[in-house]
Amino acid sequence: MKSDTRIRLTDVTYTYEEGAAPAVSKVSAEIEPGEFVAVLGHNGSGKSTMAKLLNALYMPTEGTVLVCGYDTKNEEYVWEIRQRAGMIFQNPDNQIVTTVVKEDVAFGLENLGVPTDEMIPRIESALQAVRMSKYADSAPHMLSGGQKQRVAIAGILAMEPSVIIADEATAMLDPSGRKEVLETMRRLNRQKAITVIWITHFMEEAAQADRVLVITDGEIRLSGKPAEVFDQVDAMREMHLDVPHMTALAGELRAAGMPLKKGVLTVEELAEEVERLCPLKQST
Amino acid sequence: MPIEAVHLTHCYSEGSAFRTVALDDVSFRIDDGEFVGIIGHTGSGKSTLVQHLNGLLKPSSGQVLIDGEDLNGEHVNRRELRQRIGLVFQYPEYQLFEETVAKDIAFGPKNQGLSENEIDERVRYAMECVHLDYEKYAERSPFELSGGQMRRAAIAGVLAMRPSVLILDEPTAGLDPRGRDRVLSMLEDLHAKEHVTTLMVSHSMDDMARLATRLIVMSEGKIVAQGTPREIFSQEKMMTSIGLDVPDAARLCRVLREKGYDLPADLYRLDELKEHLLRLWKEAKTC
Amino acid sequence: MLNNITMGQYYPVDSKVHRLDPRVKLILTIVFIVAVFLAKTFVGYAILFLFIYGTARLANVPFKMLLRGLKPLRLILILTFLLNLFFTSGETVWVEFWIIRITKEGFLQALYYSIRLAFLVIGTSLLTLTTSPVSLSDAIEILLSPLKKIHFPAHELAMMMTIALRFIPTLLEETDKIMKAQMARGADFESGNLVKRAKAMVPLLVPLFVSAFRRAGDLAMAMESRCYHGGEGRTRLRVLKLTRNDGIACLVMAGLLALIILEGILL
């Protein structure tokens, strides 16, 4: 087993058909173990293609993708890579294979050839980690979207990956489902030190990551801490992406002359800044 | 053509162990030219309600009145009434089926029994409404469009029937910011220029803050609040108690007011909040 | 609501019969079918009936449920009876007028064939009522796995069954949604003649197929990313183990078969 859990992309280009414009073009990036990285971009920006490159579902046309030390181009390592870098997808309905929750969690383990008596504790602890233990015997079609996605996460978790790639896992969920799935992933990131690559077009979600990569036309345009990235309001708008409301408001206030600090993301942060700049008179 | 719900109640699986009350004594009225938003958690009964408004579901008790006529009454031409209420379902692009965009949009008008000329006119009108260029897209396969374009083509399929009331269930779900913005500005235009009465179900408070003139808040099959966005969004406690958020601007306003700042209680738009914050700052500077 | 539909006709209660190994149940059902064909006399049929009745009691399945399985076959049953009644030649003529001739032999044969057919249906119903479709597909996979040597896709077949079962509720829900959406656009699925109605299905079927294909593509990718690479080297969460009860069931069935054969020789 290799202990290197880094992901490294070097000059990666991917083209769907020969002659077509590349979906991903000359991307280089490095993702450290235990990081929570958000990849932000609109539909067609190349972010989903990038996700599939990390899971050896696609091979790069040019450049190399190293996942935990394995080159995705080497077919021998495909299963190693997919076990270490698990992936959850957008549509909660289309990634659950069986008719009972716990059997779906077992699906990956069965494929890996894990002995039956070893499977049971792994399934139990995976379901516990996503707080779905009480649904172990339920039928997936009776669950809510957020619950289905958590089952999908458990299915990956049981395979004991070092990295989980979430390809727009919240795009089809309602606000509470979205919260529930993102919180689950953040908890797994903190408690189990699992690297998370969170692909999304929701800026509120990207704002909670350790680092944001903004991708447009297959290229990484911006990269950095959420506060640094979102402060570039104009650049973001140009790429048809939103910034958090409070960051946008702070930007406008700053443009009107108010000397707010940089990197305001949340309501609380902006409230603090207002307090600093407009102190209340104590007399009243 | 006003729509009215009178003590509307709907139970699924009536008379079995699975009986669930999806709508519980719901009453409201929507007048011509309004843009009403229905907000609520998943399972609050929004989708069930919407399906009642054009007769796809029948109430267990209570009535739906369209222009004063009971939609489920005995001597009512339900097909005719239904056509005057355009219903756009969640993820409407999944209902596209024709070879070309134009043919798909023509499906509704064709069912209405219109002439070729009229149908063609309707298709052009509907495509213009949803900001899809006729020359460019009419002859394309709907399955080749981008996600946002497919959604707009599907909405055009409903608009082509020239409904007096347009009902949309989560029209921006699953779209990226650009796609969402296109759909919203299209709805904005439609309401402003064509004066189509619109009823929109959405989870997104931002969408609501931008478009709705009135909001209906639902929880567990009941209406818990009705009012202008200003009235609704200033009740953050009530909203969070049923699992809903208010726009960030309304929340910032509440936080600052609690700290003692002099702000109106009912701000919910970023632009108005900006003016007030600049005023506060200028006042602070002058002392 | 569509969500609450039960799969196939599985009757989800707990019983000794439900807990039998599905492989055993599948094989015993086949043996039972053989027994039905071997039975020659009313005594034999009475024994078979007693066996069915006893098993149903043991399985906590109401006898009514078993008879319900016959309902769709009413027409075929009646037809079988009538055809045999009228077209069997025999010597003891009971009724004769115009071209109709009913003989004792014809009557008996008609009765035998109808009973046989009814028993076949009830016997297999017993299997499907007491075995969930998932265990059934497991059993089929294991029983057919020796055929893998001649490249028979036993695992693939079972996987297909599992996936089909998983997606039936999803696709039913989707059908309901698309149907309503097209109705909101003025589609009419209910009136008109057969041709018109078939045509009216196009706006329903095309989106349904498009969606099924999209789901299939998504699912294939999700399965691959979870290391699915066919049946080779795969372990299973559900392991089927034979228990004492399975042995007893086999003995009972052997006894039944012996009785039926004896009956055929002696009577």
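Observations, loosely collected:
By letter and in written order, the chains are A, B and C; residue numbering begins at 1 in each of them.
Just so we're on the same page, a residue touches a chain if its C-beta (ideal position, glycine included) is under 8 Å from a C-beta of that chain, and two chains touch if they have at least 3 such contacts.
Nothing here was measured: the structure is a model prediction, and the numbers come from that model.
In terms of which chains touch, the assembly is arranged so that all chains touch all other chains.
For the pairs A-B and B-C, the larger set of C-beta contacts lies at A-B.
Inter-chain spacing, taken between the CA centroids of chain A and chain C, is 45 Å.
One simple way to say how far apart two chains are is to compare their mean CA positions; for chain A and chain B this gives 30 Å. A straight line joining the Cα centres of chain B and chain C is 46 Å long. The touching residues of chain C, when paired with chain B in their complex, are 1, 4, 174, 177-178, 180-188, 202-203, 206-207, 210-211. Contact residues on chain B toward chain A in their complex (touch as defined above): 41-42, 146-148, 173-179, 181, 203-204, 206, 243, 245, 247-249, 251-252, 255-256, 259-261, 270, 273-274, 277-278, 280-281, 283-284, 287. On chain C, the positions that touch chain A within their shared complex are 3, 7, 134, 162-163, 165-166, 169-170, 173, 214-215, 218-219, 221-229, 233-239. On chain A, the positions that touch chain C within their shared complex are 52, 55, 57, 79, 82-83, 86-87, 89, 91, 93-100, 102-103, 106-116, 119-120, 123, 139-142, 152, 155-156, 159. Against chain B, in their complex, chain A makes its touches with residues 42-44, 144, 171-172, 174-177, 201, 203, 240-242, 244-246, 248-249, 252-253, 256, 258, 267-268, 270-271, 274-275, 277-281, 284.
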